[in-house]
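Following are the structures in question.
One chain, chain A, links the two complexes that follow: it is found with chain B in the first and with chain C in the second.
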Partner chain A sequence: MTLIYAGLSLGAVYALVAIGYNIVFIASHSFNFAQAQLMMIGAFVTYTGYVTFKLPTVAVLALAMVVVAVLSAIEERIAIRPVSDHQTQLITTLGFGTILTGVAQLIWGTQPLQVPFFAGAEVLTILGGRVFPVEVALVVFAVALVVAITFYTRRRMGGLAVVAMSQDEEAATLRGIDVRMLAFAAFAVTGVLGGLMGAAIGPKTFAVASLGAALAIKGFVALAIGGFGSMYGGLLGGFAIGLVEQYVARYLGSNFTNLSVFVLLLLVLMIRPTGLFGRVQERTV
Partner chain B sequence: MKRRLRLLVGLAAVGSMVMTACGGSGDEPQADSAPYKIMISAGSDAGGQTDQLTTGVISARAAVKVVNDAGGINGKPVELIESPDNADPQKALSNLRAQIAKDRPDAYLVASGSNVSTAVAGILRQNEIIFLDSGNSADTNKPAENPYAFHLAAPFKTVVEGYLPQFEQNGYKKIAVLHGNSAYAKQFGALAESVFTEKGYETSVVEYDAKALDMTAQISALQAKNPDVLVFNGYGAPVGLVLQGITKLGWNVPILGDTSVTSTPLVTTMPPDGLIGTPETKNLKIEVTTSVNVATASEATKKAIEAMKSMGEIKASLNNCLNFDAVMLLAAAANHAKSNDTKAVADALLLPEVNTKAGTAVYDTYPYTADDHQPQLPIETHTFVAPGVLKDGQIGSAEN
Partner chain C sequence: MLQLWTAVRKVPTWVFPAAIGLFVLVLPLLGPGYELTRQIELTLILALVVSGLNISLGYAGQLAIGQAAMYAAGAYTAGMLSSAGHTDLLLQIVAAGLAALAVGILTGIPGLRLGSWSLAMTSFFLVLLVPDIVDIFEEDTGGHLGLSTMLNPTLFGRSLAPDAMYYVIVIVAIIWFAVFRNVVASRHGIAFQVLKQSPVLASSVGMSVFRTKLTGYAIGAVPAGFGGALLANLDLFVTPEAFTFHMATGALAASILGGSMSVYGAVFGASIIQFNNDQSSNFAEYSLVFFGAFLLIGGVLLRGGVAGLLRTGIRRLDRAAGLWPRRPAGAAGGGEAGGGAADAVDLPPIEGGALEVDAVAKAFGGNRALREVSLRAEPGQVTALIGPNGSGKTTLLNLVCGFYRRDAGRITVAGTAIDGASPHRIARLGVTRTFQTPLIPPGVSVAEVVISGRYTSDEVGFLSAVLRGPKFRRIRRHDLARAEDMLRLVGLAHLFDTEAATLPLGQRRMLEVARALVREPKVLLLDEAASGLDEAEVETLAAVIRRIRDAGCAVILVEHNFGLVLSLADRIVVLARGAVLAEGTPEEIENDVRVRDEYLGIVEPGDAPAVEEAGTLPERTAK
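This part shows the complex of A and B:
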């Protein structure tokens, strides 16, 4: 069971990155390749809040969410809005992510920092498996976030507006939706969640400047496996990668972990090119 | 008329000679007054290796000051030329080429890892520039091909054989080895497996991906073998992830970390930043050179540390201060040879009377031979200590 828990918690980390990608993708059909770095900043800010400022947990989480939301809003202004096509946005967001990594190195250095977790670090035994409290929290958080976002996009006016914008920007504008404002809001919300995600991930992975690069690719693969635009798909993709990594490392060796993940991706894409939960959008021309 | 003509010709000849002489001593310095130039791969940002890089450069600066205060090399001052390449091999190579074209350095040093060493080894050999390599690149221990390159760090064999006394003292028979996937880590894992197996220990080896974010699987694979001790290589975040993984699995096994583990601040820093005194480091001992341990450091080491402190903060362990020793060795060899010629300096470095009395800090001596340019250090130069606070490059100070 310990290996399953390790796989699920690692998968939850990848799923959180995929969720961040997905929110921006649904809202604006572009990828925010700085998402993982935004989460990395969230982990560093959490460390600063707890260790340097000795703030209570609520204040630390608020600080992480505000800082990352502001950074995310800045990114939308300088790396997304001035660029017209989505292909170029891949480059500009990647560049913004690189800047964030550099800034993190300047402020927090290059060594890993231990991020405290509010529920402590005592090992729990659940159904015969051993797990840290933060690992349980990661899985619960990822699942709850996906359920909440899905509910919001299906049952709330704001969420429906985002989906409408995603399906047909022009039609959404004609229906009175402020598309630019909504796209900006989606980025800011991604930032808020990114801060929260960073606070959840940091205690498991340490806050370290290389964290963004480590998360970015696997988060993208999780999304590709699950299907672009599908929240449940990203979650499932993340868990699948985490479990495959752990079991392959345990029984075949570390040399095969990345290989196995990409074999899984290829298999899924060969069977379902849009990913497990992705949908083909048909348009009449 | 003829006398006037002769006078004019004579004046012109003298004038020409005077001008030639003046031109020769004008812009270009005379060879005799030129400083002894040592180039070093330096910078301020090498990612995760930044502390190692800056500490390595500070150690070279300190040694240059020590040598210059003592009269320089053969009466000439030593000049340290810092290449701002941030340990990037391409930039280091480019900067070295430019420096050779402008003003050939007499010696070259690196301050972080072996990538730069590998990149510059060829051009240094072509230009007959002496290279004291703290990165221990495989390309710089081939005396037959490159007689001017020497290793500074302890050979892998010394590092790995340093574990054997621990095994004997504690009666360990079954050894587990967990190592990363960098070139250094793979070499460590391969040599550990061959040396331990050769000595009759039952050895299991598992590799982990240094970019992985969870090591539970790799640790449980070794736990299943039920070893007496875990030998562990790692640097940076993987050190924390492995130690966390061991705690999570509830595995109560003695852990012996190699010198890379020692270089990771997580195990030489108190909480909340580090792990000293936490359950993660309860069973951990880390490999250090005798100079890193305050209790066993020599007077020369203490003097060197004072010199380095005057140049800046020693952020990494003394293991990263090999360039202090490099400059001291160069000075001792050139002064002994009474020449700055590359061959003369390289030949002098082989002499025990030179490399044992150079005033080096990390190792007391660098025993090189004509056939092997790795310092043939005894295994006693490495020992194991409990994790402690790293201060001025050392562990075990009174403040710990």
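This part shows the complex of A and C:
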């Protein structure tokens, strides 16, 4: 049980990254390479808020959300908007992510920092397995977020507008949707969520500058397994990776965790390139 | 000033890089000191890695950032060979190149299936795996402490002095860049650009999209492997710390900065990044910020990198000096001004083949786009396919070309059934097409666009493209001559050297016809070739189509211009709502009541079929 809990909570971290990718993907069909780095900054800010400034939890969360949202908005302005094609956006967002990593190293150093969690660090025992409060919170948070976002995009005007924009930008514009504003808003919202996610994952993963690269990859694998644009797919993909990693680390050794996830990714790409919940597009000409 | 430029431009372009290469090679005679030679060695090794990125990213358009992993594969291959007593440097370099190639192919296959992000991520993942794999094989690789048991390298049985590594590195770099330049300038280089513009276009000229992508990606791995072997032998030490994500980002930044779609940009970009890396430790802390900034600025502002700026500058000077656009030797006598009527060019007979479509059906979900459609297009005839929007014309073309899979029925080209063949195989059977929206890759000259249509005729291997032997030169001359003929046929010969993507729509359509024709197809599909053309252009097009038909090709014309169809076609097939409504000679079709009603919208009072049809709602599918 302990192993399953650890796997699920680690998976929730990856799922959160996948959710971040998905929001931007659904809104603008682009892929934000820097998503994981934004979350990493969120984790660092949480650390600073708690440890350096000794702020209360609400203030810390607000701080993390604001800082990351601002960074995310800046990214949209300098790395996404001036670039029209998605291929180049991969490069510019990677560039932005690299800058964030570099800046994080300059400010917070290269050593991992322990981020406190508001509900404490006392081990709980549930169904015979041992689990930290933060781990439970992560799983609940990821699932709740997916449900909420799915509800929003299917039922609410704003969410439908985002979907409309993603389907056909011109048609959306003609319907009176301010496409630029909305894409920008999607980015800012991703930033707010990114800050929150950073605060949530920090206690689990520690705040460390190299977090971005590892999370970016695993989040992507979660997305590849689940299918691009599918929220539930990303969630399931994340859990699957988390579990695989924990079991492999336990029975084969920690050297093999990345390798096993890589093999998993290759298998998915070979067998079902669109992921479990992805859709196939036929029209080409 | 301009005269000086004209004189400079008379020198063949390869002379300049060759001169620089030679200078770097003899530099030690000037006694540059350890610091500088070390810098040059490391820069050139990095440039090898970056040039691999330029092939896969810049030319083949595949965002692969795993070059660091292939670099590592090369270094560890060389290191382990050396530790095992195989000290011959040549052997190590070749083995390292092969090892990198193997890693490239193995990891490229799954990533390439999905394209951009998947490849970016699988290759990125590969870099993260390097330390794990090195640890797993700790006995052979030395684990995270590094491999320090390498022996001094030998070459042809003689031990190499430490200074000699400089010459080895410079020579390997010179040879590689010469190879790189030749590949890029050959039809394989153009093929990469065609693929980058549109996979649909690439397969319609007969290229296997997947194989071409994989080739680009895999070739890009080779120089990284060479670089790895050189690095290992330079220090006689291999550590996983040399192949981190940091290094991978640096290489990508170098590629973007120098210009991914360039040959020598790699050297420039590498020198900037290497210089940045080397600035003592307090500066190195900022290196990630710099790399990121380079990527961002390179991506946003410097679309072609420094090489692109240089190219624009040269173009501008050329224009000022009247050296550009060049004309082909033969076109000077052509005398046509501004794309007039087609020249009297001999179009050699083409061995056409019949296209037979038999009871073909295709549904998209519940929308039955085609049901039981049969038609036959004879060689030496123009068969026109007309019908209202959404009647299934383009769907039929896409089925013939293999872009869709049909649900039922049979299609044969010159007697060969296409079955479930992929688009590039069908193209190789002799089917070629133009597109509703012309697909012309940017940055390629009109002549090269036409030549890209000859990708499958007279195959040129990579080796012969690299060595530029007599066969290569003969084929190249033939390519150019054929391209010129075709361009003269469609009235574009005077634009031989112009950048094709800058042409107006009418000329781009004609260019597509030339590209389709240069392959001497059995069946030519023209998808709304006349739409958007003015009257004079339509006339030129009609004249060209007649000559293609007379040459023996089976021409299928999908067209909305009823007048053009009536004047051109030998047979007309009318599609409506996914089925053949009528078929016959132009006169028969022109007088067919149902066609007049359905397609031309002329309703005649008391017309029985019209009333009957009025009960069913016309299906209109989105374009």
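Convention: the second predicted complex is superposed on the first by the 276 of 285 C-alpha atoms of A that agree within 3 Å, B and C clash if a C-alpha of one lies under 4 Å from a C-alpha of the other, contacts with A are read in each partner's own complex, and residues count from 1 in each chain.
Criterion: a residue touches a chain if its C-beta (ideal position, glycine included) is under 8 Å from a C-beta of that chain, and two chains touch if they have at least 3 such contacts.
All values derive from a computational prediction rather than experimental measurement.
> Identify whether chain B and chain C fit side by side or clash on chain A in the overlaid structures.
Aligned through their shared chain, the two binders clash on chain A.
> Looking at the overlay, does A:55 come into contact with chain B only (first), chain C only (second), both, or neither?
neither
> Looking at A:246 after the superposition, I want to know if it touches chain B, chain C, both of them or none. Which is it: first, second, both, neither?
first
> Quick check for you: in the superposed arrangement, does A:185 touch first (chain B), second (chain C), both or neither?
After superposition on chain A, A:185 lies in contact with neither partner.
> Who does A:136 touch here: chain B (first), chain C (second), both, or neither?
It touches nothing on chain B or chain C.
> Pick one for A:214: touches chain B only (first), chain C only (second), both, or neither.
both
> Identify the partner contact of A:9: answer first if only chain B is touched, second if only chain C is, both if each is, neither if none is.
Only chain B is touched by A:9; chain C is not.
> Looking at the overlay, does A:206 come into contact with chain B only (first), chain C only (second), both, or neither?
In the superposition, A:206 touches chain B alone.
> One more residue to check, A:31. First (chain B), second (chain C), both or neither?
second
> One more residue to check, A:255. First (chain B), second (chain C), both or neither?
both
> Pick out the stretch of chain B that clashes with chain C after the overlay, from 3-11, 39-47 or 219-227.
For chain B, the clashing option is 39-47.
> Hey, what residues of chain A end up touching chain B and chain C alike?
Of chain A, residues 105, 214, 255, 257-258 contact chain B in one complex and chain C in the other.
> Report the residues of chain C in contact with chain A in the complex, numbered from low to high.
It is residues 61, 63, 65, 107, 109-111, 113-114, 116-118, 120-122, 124-126, 128-129, 132-133, 135-136, 199-200, 245, 249, 252-253, 256, 285-300, 364, 394, 397-398, 401, 403-404, 435-436 of chain C that touch chain A.
> Quick check on the complex: what are the chain B residues that touch chain A?
Residues 45, 47-51, 181, 206-209, 211-214, 216-218, 220-221, 236-237, 240-241, 244, 247-250, 264-266, 271-275.
> Flag every residue of chain A that touches chain C in the complex, lowest number first.
For this pair, the touching residues of chain A are 31, 33, 78-79, 82-83, 86-92, 94-103, 105-106, 213-214, 216-217, 220-221, 224, 255-259, 262, 265-266, 269-270, 273, 282, 284-285.
> Along chain A, where are the residues that touch chain B in the complex?
Those in contact with chain B are residues 2-3, 6, 9-10, 13, 50-51, 105, 109-114, 116, 123, 130-132, 204-206, 208-211, 214-215, 242, 245-251, 253-255, 257-258.
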